[in-house]
């Protein structure tokens, strides 16, 4: 990292901005976050409403204006975040930094590519901040337990997904040979799609076997899918049973790098060493 | 609470009523509950039968009369419960109090809004009392273990449901952009409905992707849904494995506040202090 | 029980019959069981083949004859079992005794009620004996562990099924009111059927919501069904994790009452006290 | 085994071949495996592309040539493997030996039976080698834990599958009798297929009950399927919770018998005793 700490004197304008925008411990910071969350939800609803034909016909113009208003607001907020944080590049590269950017880009993009503004619904991910606002440290703790269980079983899950992928490729191809194009299995990729639909027990029925051997193989795939769901379930269950005791986690974000997840008694950021 | 204890002298009419209506330890109380349960089941069957067209044409009038008879009976019972219980407001505000009220309201409402009487099937919840009648203290205990496991994992489940909600919004919107209205994804809300149908592995097939990229994303959603079901399952399994030993629980209800769940050796209500 | 022990002297005809028909420890007993299992499988295949239209047209007569041959054979076997066992009534009332009877009745019944002979497929349950023949004491042990886990969680499962039943009745009725007959929800029972199809994540799609509020409620039902499957899974997982150590179990059946499940070192039947 | 160790002097051509083809510890061995994996993925993509009608029309010839090129390459590789390994018969009979053979046979077979070349997708199983190449010893360890859990619960799973098989036969036949041919249940095998589709909660909807008793039985089957999925899940969860600690495993393969799974500190093959 070549970015150095900016001047973050207590009382300085930038320190104040950081307190309001990034933290939720002061009344101003909390108010900012509550307004932000309401804005995000409204902007997502605007995008959804815009996609419904009957609403679009009647209120299309108003929704169009509203969407630009929200996008400009979020752009201003994004710029302010970059200014107020100690290490802007680190924030820009963090999960929330990327989400914040992706949440405004589609609207600008829609000037060139019509329809792409629907992708602004990614703003919904910004709502994850809700856990911070509501002082829901316990929820953050629980989420961390779940993430921890998933993380420590990621290799088992990778092996499992690899096995599933190999299975759907082979079973899908076999069905393509057995059933053929006349029964809806028009190509191997389409048959693999069918195998995924069947193995995961979704079962749309848009493609379904018609011949006796095809139905027999399909029945086998179903029972296989029904049985192997036990594997990821067992993995996560086992992790959670063994699971570590939960740590209490502070809602404070580092003023330098804006990373979270500090212990309640932490006085320095454990990622960049800046004082909290 | 501004309601004071009513006079509940042993031998008084109200005490007798409480014993019969609220408890299941005496022969009269048991008989009352058995008759009540049979009435509830019959009244639900009447409402169901009334909704079947061929039956309605032939026996419509008789069913109409029967429904009013049951509703009047249950109304009388509700009023008696209010009179006999020590703290009527507390009963009226409890789970069973609300269910008892909701079980009679729809019929009266149907005078103004035709069709609303079908909602009386909520009476089926009153059958939960069956556990008390049959002296099924152990079942109540088991139910409490399950509720306890769900309660102590409610934060994990909230986090999980929040993640699922965010996923279906984003994936649904992406499918709306990819597949578009011509393939049945008529709006973002409809596409989110599709995402829920797919992620939960229900898979109606009323909306299904037609294009290759759409099918690829759908396959991803399915595998995601197939894998993440491991999370709630793992949460509840872990809770139940850790689970506390079961407590034996009495079937007695407090004569003052009608709350249940007292220990077998309890002599006073643990909620209002009245002698049991 | 008013049935007394019959004479089962070693060397007697009846004792020999018992050894051959009920046990699998001697060569003759094993041969008998192997032939029996092959006969059962063939007879089930005959019934299945008889139901396929193209086969029925061509080989209908032969299949008809074969079915009667198998039925007569199994009838003779059933009578021999009654003769050879020490306590015929106890055998007749046991699980296998009832299955053995149900496996022959439908064919005789089909003389009066055409089509009922298809129910002879219940013979497939007789194949459970295969575990005994193959000296699969370990499988019997594992099956007992599973049955034990299910048995000790039967109350939790009852509570769960009761909750599910209440849910599908209420949700089905609500959908009947919301969607109505014009969208396929023709009656409350049909809507309850839809609720079961959806809650269990089967999702045929033969009935599916068309209106926006209906789809919203359906989405809720799906997420509910997706989440609560965690409950039975957690129950059984917890039971199996706690699960008792497996006992070795003998394949010997009591010559008096034909009950199984005796310990390897047992010298007397633990159900009727007869020497093994 | 009547095959004796071949001369595998260090520096010999065959020893060098073994090092390159079978191992992934030297740069040459790693490069070989990387090229092999890319070739396998390309060849599978070629077969898939060949099955898509629009691609086949345009690039059919090129794809045909490519497929033969890959097949010849893999044939050469297979022969080299047979030459370089110490015990060719043991390799040919091992899992990877059979997969390697099955991965080239279908193309040759397609000269006689058109269409059979699609079965070459079984090549995808060769990708399991990817774990070795990427030095993913930990993944191999995790995979072993999963396999171990499945292996030690194989008897429980067999019992479970047997019970499921008996259930679908009986329930399918019952539905055939109840619904009959006019509602799509054209034969007992077709009805058993329906029972599998329903019990596993796949639910295509290509066959679905139309009569009231049929829908009632179907609802029962669904709830059954919904509940008993708890059984395999519980079995695997319990195994994984109890699960043994993971062993670290080397990626080295034996130069004599090409078996893997040796401990990191092993100096001799634990299967044939040859020095590693």
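Residue numbering begins at 1 within each chain, and the chains themselves are lettered A, B, C and D in the order written.
We adopt the following convention: a residue touches a chain if its C-beta (ideal position, glycine included) is under 8 Å from a C-beta of that chain, and two chains touch if they have at least 3 such contacts.
Quick caveat, the model's predicted, so the values are computed rather than measured.
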Over-half contact-pair match to C-D, picked out of the listed pairs B-D, A-C or A-D: A-D
Chain separated most widely from subunit C, comparing mean CA positions: A
Copies subunit B and subunit D touch via same or different residues, half shared test: same
Separation of mean Cα positions, subunit D and subunit B [Å, integer]: 46
Subunit B and subunit C: spacing of chain centres that average the CA atoms, whole Å: 32
Contacts with two or more other chains, residues of subunit A listed in rising order: 189, 201-205, 225, 229, 233, 235, 237-238, 241
Subunit D-facing residues of subunit C, complex: 44, 47-48, 51-53, 115-116, 118-119, 121-122, 124-125, 127-128, 138-139, 142-143, 145-146, 149-150, 157, 161, 164, 189-190, 192-193, 196-197, 199-206, 225, 229, 232-233, 235-237, 239-241, 243
Contact footprint of subunit A on subunit B as seen in their complex: 155-156, 158-160, 162, 166, 169-170, 173-174, 176-177, 181, 186-189, 198, 201-205, 208, 212, 215-216, 218-219, 222-223, 225-227, 229-231, 233-235, 237-238, 241-242
Residues of subunit B touching subunit D in the complex: 201-205, 233, 237, 241
